[in-house]
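The following pair of complexes shares a single chain, subunit A, combined with subunit B in the former and subunit C in the latter.
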Partner chain A sequence: MRPPQPLRPSALRGQVPYLLMLAPLVMFVLVTVVVPVALFLFRAIDNRELQAGFPQTAAALSGWSQAQGLPPEPAFAALIFDLAKAQEEGRAAALAARLNQAVPGSRSTVIKTAKWAATADLQGASLREDVLDQGKAWHNPALWSVIAHETGRFTSYYILTTLDLKRGPEGQLQRLPAEEALFLTILARTLAISLSVTAICALLALPVAHVITAARPRMATLLLAMVLLPLWTSLLVRTVAWIILLQGEGPVNATLQWLGAVTEPLRLVYTRGSLIVTMVQVLLPLMILPVLAVLKRIPPEQMRAARSLGAPWWMAWRRVQLPLLWPGLMTGAGLTFTFALGYYITPRLIGGEKDQMLSSFIVFYTDKTLNWGLAAALSLQLLVILALVAGLLAGLHRLTTGRVR
Partner chain B sequence: MRAEFWRIRIARILTGLVLAYLLAPLLVILPMSLTSGSNLTLPGPGWSWRWYELVLSDPRWLDALGNSLIVGLGSTLLAVLLATPAAVALAWGKFPGRQFALALIATPLVLPIVILAVASFSFYASAGLLGSRLGLILAHAGLSAPVVLITILASLRGFDLGLMRAAASLGAPPLTAFRRVLLPLVAPGVLAGAIIAFVISFDEVVIASYLTTAEQRTLPRVIFSGLRESISPAIAAAAVLLILASTLLLCLAAALQRPKDR
Partner chain C sequence: MLTARWLHKFALLSAANLGSAAYAEGAITLAGWGGTWNEAYKTGITDPFTEKTGISVVLDEWDGSLARVRAMVEAGAVSYDLVSIEAPQLEMGCDEGLFLPLPASVTAQAPHYLPGTLHDCGIASDTWATVLVYDGTKLTNGPKSWADFWDVKAFPGKRGLGGQALYTLENALLADGVAPSDIYTVLATPEGVDRAFAKLDEIKPHVVWWSSSSTALQNLDAGEVVMTDMYNGRVTFDNENNGKDYRIVWEAGFLYGTDLWALVADAPNPEGAAAFLEFFAVPENQAGFPRLYGYGTGDARVYDHLTEAQRSRLPTSPDVIGYGASYNDAFWAENLESLEQRFKVWQSQ
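And now, the complex of A and B:
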């Protein structure tokens, strides 16, 4: 690290042309990538809709708690007022969608009530009974509780949901009941698939890297080209190739049947096995290359010296070569693991329903149910894990390289 | 030494198996795409080019190929135009915050593709560019510009700014120095970056499926949606064409990037 140099205005003036050359790309990335990603992630805590939606109702509900059952009369009047306003301003559908996320099944009731509230003649009627007549959802204290508690600019609802948690009637944290819990399972599955793919890649990369390093130059170039070739073909195409290979009448099944190993075609596609086989094939070059780069720089004399001093091969490899290989393995593992964590196309195409990873659910919530808050919270979760892994690897890297020197 | 012999033997066999595993899927779909039947079975009933003819004559595939080429070339041009000056600035500039600028530009590379696609979707939707080729060109340029930048930075690293000064001191006007000294040295890096940018766009499917409608479908997008319906040999043929295109282009890029003996 160079010491920071004091900035003299004259020195900076000479840099203006460079800054002008850099500016277009920086602006482009900022405007089309960084800001949109930040705005999208912000949706994970954004609560503007509910905050603006029920100001009167929330005020009328202060002091009420879910344990008391349905709220008192003034809350119903306030609800009619708020919903009528939302209906006039065209926000009712969005509000209904937002409430539906918190209390599934409430959407149609909220929309219906808002329409009714905007037009109803409310002179002298029992507001409470009228609202309750609009639909079952208003009989559920949980819905009122959402309106009572989600009054701030920000909400922890989406992030808690991605951790299978929710706020109880008194605002305390609760685990979601087992039949609603979903996201911790997905998180564990994503981590498990990525970890096993990384471990298998590391095991397979070691012999390949050793053989390539020991080979004669021409042979080494050829072998390296064979590693690079799959890296250069698209992820989609490689996944397609595996589907074709593993399908019911595909070559793998045909060979197994021809060998007499099976009598009926095995179901090989859309399983955890096919997903891992494909992901390892796709990611393996990313593990081989860094290991190879490190291995090339280790003088072969070191192993020979250890062997000539009487160390058995395994001990020599483990005590002499492996510590030197760590940085390469760490880089490779970091690349493989972080790529694997964000995988979407491969699990989507070749995995079964129970093999879908975090990314698939981000797509699901933006594409199918339009629950952007939840999609953003899941994205945030994925990014936090990626950052943790990167930090952990950087720390480990410093430790291992420090020890070797 | 017997043990040593076997150890090397085993390592070689393992390497052979691993390399076969890496290459097999690419090699197996080649004969499968040449089948004359309409199922993807091996061995097929006979050989024919019919699936390649279909892919190269069916308007659905041809339109997709056209879209892919337009988007690929457009985004490559934009990425190169944005990244080349930025690379020169980062390589030669002495202003503070260069590391930060590089990290910022590299954001699209570290983000999981799905997050990038969703964010692009909301941005291009608000810009009114959803379902247009222009939107996809811009999005792909954002994805490939950092790669082009890094490629050009690598080729500039070996370039001595003193060469420009030497040219100037020998009386060359700045433009001549740029044309005769800088350009020949940087051009291979720029070209390699451009090729990689094109391949990135040509292969990209997730952003494409968020930003395009049926009209602007690219080749990978058609493969992706075709897979959900049924796997026909046409998909294998299209996949082989994609493999050939990206392999040839990337070999070219690698050759351009190889350090020359001077």
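And now, the complex of A and C:
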């Protein structure tokens, strides 16, 4: 097995028709996936709003630090100037929303101040007092600190938040306090659920694939249809069916009680267990199909040869068949893990409060609070994990195929 | 001939498929909450409107996502004239300029409107409440208050609560003896938030959190929970159409929420939309919806046009409004993110 050679120019010439045939696909993917996703993900580091929002105030705040308390008078005058400009250009609401993300509770004060700044008659008044009268948010040095420090074209705020970190008053990295630290827990949980689902699918897929390969054609078709059936049913129907099966007065509990195995109904639904069972059922075909495809191409003589040379079944399977199955298993694992990682509806419906995965938070920030920066940073996190997993699988693939050779 | 007719049909079909593309000259497009809500709105409000003004209405279904409105406005491709949107989202959208101010003739009606139901950028399309509910077939002597909801000795069993800070923190304070009208004075202070979470600590092991109204009622029906909080309209619907005997405990106290019709910036037919808003602002016309559906309206005069049976289902009717207060949308527009985050951390502990 020689690694594929890069195309030389002469070889490339022969490929032109193929490249042309590929062009629509490439264009389609670029226009519908790559560009919009890249634009959205860019929001994870985009700081244009704040950069454009407070140029004068940020300049007036240079040399000031949060430890000194409220900033000096010129900063207040600059703030009024910047906010009045933002109000006239229709940027004030977005600015207020952005500041509210960093310092919750400041939104309405900022909006009110901007409206006031655009119309106020400022002759001879004490600007400092006027601004402080607009709302208690301006009494908080932390708010001024955001304006002073977030002056660049890009920000690390969103990505740090998804790692439960923030910048301290002097710009140093700090852990979020325990009652705010959320995202690392969610990330670990999302990974744990996806990995267990993938592992269980792999364990279940191996025997099923073996049985289907060994069965008579008619039986094999029937079994395959049973494997595929969940793929043809709506996700919602399957999930709700599991809720009904597993609930307190559902058939599973009724059977257990009738058998005398339990006296009180077990709490089966809205648990990590019910979530994993449902996800495994939904995702199992994605594991079985690639494993099956590979298994069918492995000549049965190889196992027989190993056995006839004296290897016990287990050793023959592990040393001869499993290495050949690796590519199928890894394709299956890649597919299953990728799908599991993005699960949203199923955990919401059948998981408990400790089983909600990353996607549900992406939806929350996209839809409910319009914090697209944080949503983008969380999406970026998912994308990075997928890239790492893809890299890992590719590495494993090279390693295992290397061993077979 | 045949081809022409087929083409016409096809054009109609594709217009219907595009959904929001107005297929009649001068039509307006409204985005409602879909399903039975849309059906009642069509019969009760938009059909009479078309009859009166000749302006046809496309009543679309949407998910209430402000993100969608923002994307439409940013892309310069607005397909809705009016959307029914939840009040906190309306508040944010209005500040961002995604929604336009209402016509003066509509805002002039303000004195007749309940708190929170008439906004610079929106007029209540419907009001609903999150109420305490139990199953009358399972509990003969049901809970009377939110304190009872918290009392796991007197009422053993699990309780259902929505798995989010919004509504749940309010319920906790109601259980802690705060009057509905004082909720946000308490919640506006850090101590008040701590108080709500401390109250939730008491009941945490006994809660089944729900994320969709269907599963919440399914849990109640199956005995998974003995009582739950729920949107009143869903409860009434199941009682009237599925033969259930769910009891709403209005006197326990409740908070009502408002969905509002908002005029989208760069709407394709602003004149038609304004005509609709003016029609809708007449109490007699507005009564068309609550007559058919368990959701109320913001205008106190509307209730004069309803029968007692129709009124009894509505959270904002004069009969029960004394037990309730409005959700504070400005509060949630500012604190939704931070409180929801703290709530999720609390849930994970």
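To be clear about the criterion, the second predicted complex is superposed on the first by the 362 of 405 C-alpha atoms of A that agree within 3 Å, B and C clash if a C-alpha of one lies under 4 Å from a C-alpha of the other, contacts with A are read in each partner's own complex, and residues count from 1 in each chain.
Just so we're on the same page, a contact is a pair of C-beta atoms (placed from the backbone, for glycine too) under 8 Å apart; a residue touches a chain by one contact, two chains touch by 3 or more.
Worth saying up front: this structure is predicted, and the values here are computed from it rather than measured.
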{"item": "First, second, both or neither for A:242, with subunit B first and subunit C second", "value": "first"}
{"item": "First, second, both or neither for A:369, with subunit B first and subunit C second", "value": "second"}
{"item": "Of subunit C and subunit B, partner touching more subunit A residues", "value": "B"}
{"item": "Subunit B versus subunit C as contact partner of A:395, first or second or both or neither", "value": "neither"}
{"item": "Partner chain in contact with A:108 - subunit B first, subunit C second, else both or neither", "value": "second"}
{"item": "First, second, both or neither for A:323, with subunit B first and subunit C second", "value": "neither"}
{"item": "Touching partner for A:270 - first (subunit B), second (subunit C), both, neither", "value": "second"}
{"item": "First (subunit B), second (subunit C), both or neither touched by A:97", "value": "second"}
{"item": "Subunit B versus subunit C as contact partner of A:180, first or second or both or neither", "value": "second"}
{"item": "First, second, both or neither for A:234, with subunit B first and subunit C second", "value": "first"}
{"item": "Touching both subunit C and subunit B, counted on subunit A across the two superposed complexes", "value": "243-244, 247, 249-250, 349, 366"}
{"item": "Complex interface listing, subunit A residues touching subunit C", "value": "90, 92-94, 96-97, 100-101, 104-108, 111, 178-182, 185-186, 243-244, 247-250, 269-270, 348-349, 352-354, 356, 361, 364-372"}
{"item": "Subunit B - residues contacting subunit A, complex", "value": "3-4, 7-8, 10-12, 14-15, 18-19, 21-26, 28-29, 32, 39-42, 82-83, 85-86, 88-90, 92-96, 101, 104-105, 107-108, 110-116, 118-123, 138-139, 141-142, 145-146, 149, 199, 202-203, 205-206, 220, 223-224, 227, 231, 235-236, 239, 242-243, 246-247, 250-251, 254"}
{"item": "Complex contact set, residues of subunit A against subunit B", "value": "4, 7, 11-12, 14-15, 18-19, 21-22, 24-26, 28-30, 32-37, 39-40, 204, 207-208, 210-212, 214, 223, 226-230, 232-238, 240-245, 247, 249-251, 254, 281, 284-285, 313, 338, 341-342, 344-345, 349, 359, 362-363, 366, 375, 379, 382-383, 386"}
{"item": "Touching residues on subunit C, where the partner in the complex is subunit A", "value": "65-67, 70, 89, 92, 95-97, 163, 208-209, 211-212, 215, 218-219, 222-224, 330, 333-338, 340-342, 344-348"}
